[in-house]
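Common to both upcoming complexes is chain A, partnered first by chain B, then by chain C.
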Partner chain A sequence: MLSNFLSNYRSVAGLIFVVLAIVLVEFFEVRTSVYPSLLPFFEWLKYSSWIGYLGITYGSIYATIQAVHLISMAIIGGTVLVTDLRLLGVLLKDIPSETITKGTHQCFKYSLSVAIATGIFCAAGVADKVYYMSVFWIKMLALLVGSCFMFFIKQPLLNSRSHSEIDPWILRILAVASITIWFTVAATGRWIGFS
Partner chain B sequence: MNNSKWDDRTIAAASSSVIIVGALLYYWVGEVQSTVELLELAYGSFKFFNNPMIF
Partner chain C sequence: MINELLLQFAQYLEAQEYSQMLVSGYYSWNWLEATHVLTLMISIGSLFIIDFRMLGWVLPGVSATTIADRLHKPMIIGFVIMFITGILLVYAKPVENVQSLWFRIKMILLVLAFINAWVFNSRMRAADGTWESARVAPKALRTGAIISLSLWCGVVAMGRFIPYDWVDCPKVSNTALLWASGCVEQLNAL
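And now, the complex of A and B:
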């Protein structure tokens, strides 16, 4: 029976596993016990790694890469908004949502790669500061959840069939969840910069 | 199973979306609540325009 469930409901089983893992990590206080051991890595990232050295020493390089980071985040925001507002039926109603979903996802993938690469550089320059900021960890968590949601939940469903065959309320809740999570990534990112 | 309207991917999408929206609403409402409490602690009461740094 369990193997039958696992073969028929692979995504649901994966989701249950992830939720259970999060509950267990919090219950056994794994997160709080791992947190102090990460400090040496963040100190090394700022003071000993070459990206940390570049970020601290050359303000112009740091500013340029941060600009690329912000532009890639803007492109991510644009692709997410266009896709999700189309799924909500707010804009571009004359274009099939399947076309928009597939077209924007390519752009999203490249922008996310650039945002992560430049984001590591930006974090390295202020690693000893962001380590102590809870909002930084919220952003990392939101980025991880948003990426997993996009690649393992949202896109597989939207690419599996015509959108007219999917319940409209499922499309709406998908769009709302996607906008909310990427809004959180953007807002917490600016919060880090503002603090 | 794949022909069903509520198949594996649909259930996973609906449940993960509800979890994400619920968790993020909980987080942002908590942030608003703690900000209001901080303002009340600092200035005695919460008003939208009671920031002494500005006025």
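And now, the complex of A and C:
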């Protein structure tokens, strides 16, 4: 009976598990005890790794990778806006939302991979600084939430059935949540530069 | 001559109260710059989706002109916000920008990108509709899309380079570079 229940509500059960895990991590102060042990890794990333070396030594390479990071974020923004504004019924109303969702997801995945790879390079060059910035950790959390939301909640739900069979309010909530999360990722990223 | 005129105009702008207010206010500058960069997601995000569709990389099952037509409005809104914030950013630090090689290259690339967009748009409207449902656009439009992608990547990269000081006037000794960057004082001292 339990397995039957879990198979029907796998996504919901997964979400409850993640929320419960976060609560437990905070309750047992796991996060605060893990945080100091991450400092040696960040110091190694800046001073001993080859990406840290490249970032510190060659400013032009660092700036070029930053530009690639910005472009990949712009493409992520483009795919997210096109998909979510279609779900909200603002853009491309005459094209089925299923077509838009499927047609842009591959591009989103490639852009996200490039953004993460270039983001690691950018963080490595200033690893000893970003370690102490709360806005950096908020960005990492938002990125994690955004990726999990996209790959474990939004895409599985949108691909599971025709969108006409899904409650329109669920679609709207999905779209607004998605825009909000990815905007937070981009905005916190920009704010790292000001901190 | 042109460099002297540009510098004089920049110095006139920099002496204005509003220019100093924009640059001295911590939040005004940060909000302007953040808005300028974040609007990339609307303007360049939409533009790249259109260009990618021409190349058959996204939404190959949807008519290319439909995508271009429907994304035109959000793209223009994004570009208008970018231009307003961009002008204000230049107004806040006019001398620094006028004497920046990267800013100058960025402006040239912007002009080229708009000429390309105009040519691309004219070609798209002139082309017959037979290719609309094809996976990729005709060669002329694909070329236009690749040029557009390259030029806008260049614009973003140059914008990113502006804060770096590798070729700032006091660091350059090459005459051609000094002229290209508009370093009037350094050129006069030679």
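Convention: the second predicted complex is superposed on the first by the 194 of 195 C-alpha atoms of A that agree within 3 Å, B and C clash if a C-alpha of one lies under 4 Å from a C-alpha of the other, contacts with A are read in each partner's own complex, and residues count from 1 in each chain.
Here is the rule we use: a contact is a pair of C-beta atoms (placed from the backbone, for glycine too) under 8 Å apart; a residue touches a chain by one contact, two chains touch by 3 or more.
Remember, it's a predicted structure, so these values are computed and weren't measured experimentally.
J.: Kindly classify A:R190 by the partners it touches after superposition: chain B alone (first), chain C alone (second), both, or neither?
T.: So A:R190 only meets chain C here.
J.: Between chain B (first) and chain C (second), which does A:I153 come into contact with in this model arrangement: first, second, both, or neither?
T.: After superposition on chain A, A:I153 lies in contact with chain B alone.
J.: Which chain makes contact with more of the residues of chain A, chain B or else chain C?
T.: With both complexes superposed on chain A, more residues of chain A are touched by C.
J.: Applying the document's definition of touch, where does A:L15 land relative to chain B and chain C: first, second, both, or neither?
T.: It touches chain B, and chain C stays clear.
J.: Just chain B (first), just chain C (second), both, or neither: which does A:Q106 touch?
T.: second
J.: After lining up the shared chain so the two structures overlap, which partner does A:Q66 touch, if you call chain B first and chain C second: first, second, both or neither?
T.: Touch status of A:Q66: second partner only.
J.: Using the superposition on chain A described above, determine whether A:I95 touches chain B (first), chain C (second), both, or neither.
T.: Touch partner of A:I95: chain C, not chain B.
J.: Using the touch definition from the top, say if A:G77 reaches chain B (first), chain C (second), both or neither.
T.: Only chain C; A:G77 stays clear of chain B.
J.: Chain A residues touched by both chain B and chain C?
T.: Overlap of chain B and chain C footprints on chain A: empty.
J.: Under the definition above, what is the set of chain C residues touching chain A in their complex?
T.: 30, 33-34, 37-38, 40-42, 44-49, 52, 57-62, 66-67, 70-71, 74, 153, 156-157, 159-161, 164, 166
J.: For chain A, which residues count as touching chain B in their complex?
T.: Spelled out, the residues of chain A in touch with chain B are 8-12, 14-15, 19, 138, 142, 145, 149, 153-154, 156-157, 160, 166-167, 170, 173-174, 176-177, 180-181, 184.
J.: Please output the residues of chain B touching chain A within their complex, sorted ascending.
T.: The contact residues of chain B facing chain A are 1, 5, 8-21, 24-25, 27-28.
J.: For the complex, give me every residue of chain A touching chain C.
T.: 59-60, 63-64, 66-67, 70-71, 73-82, 85, 91-92, 94-95, 99-100, 103-104, 106-107, 183, 186-187, 190-191, 194
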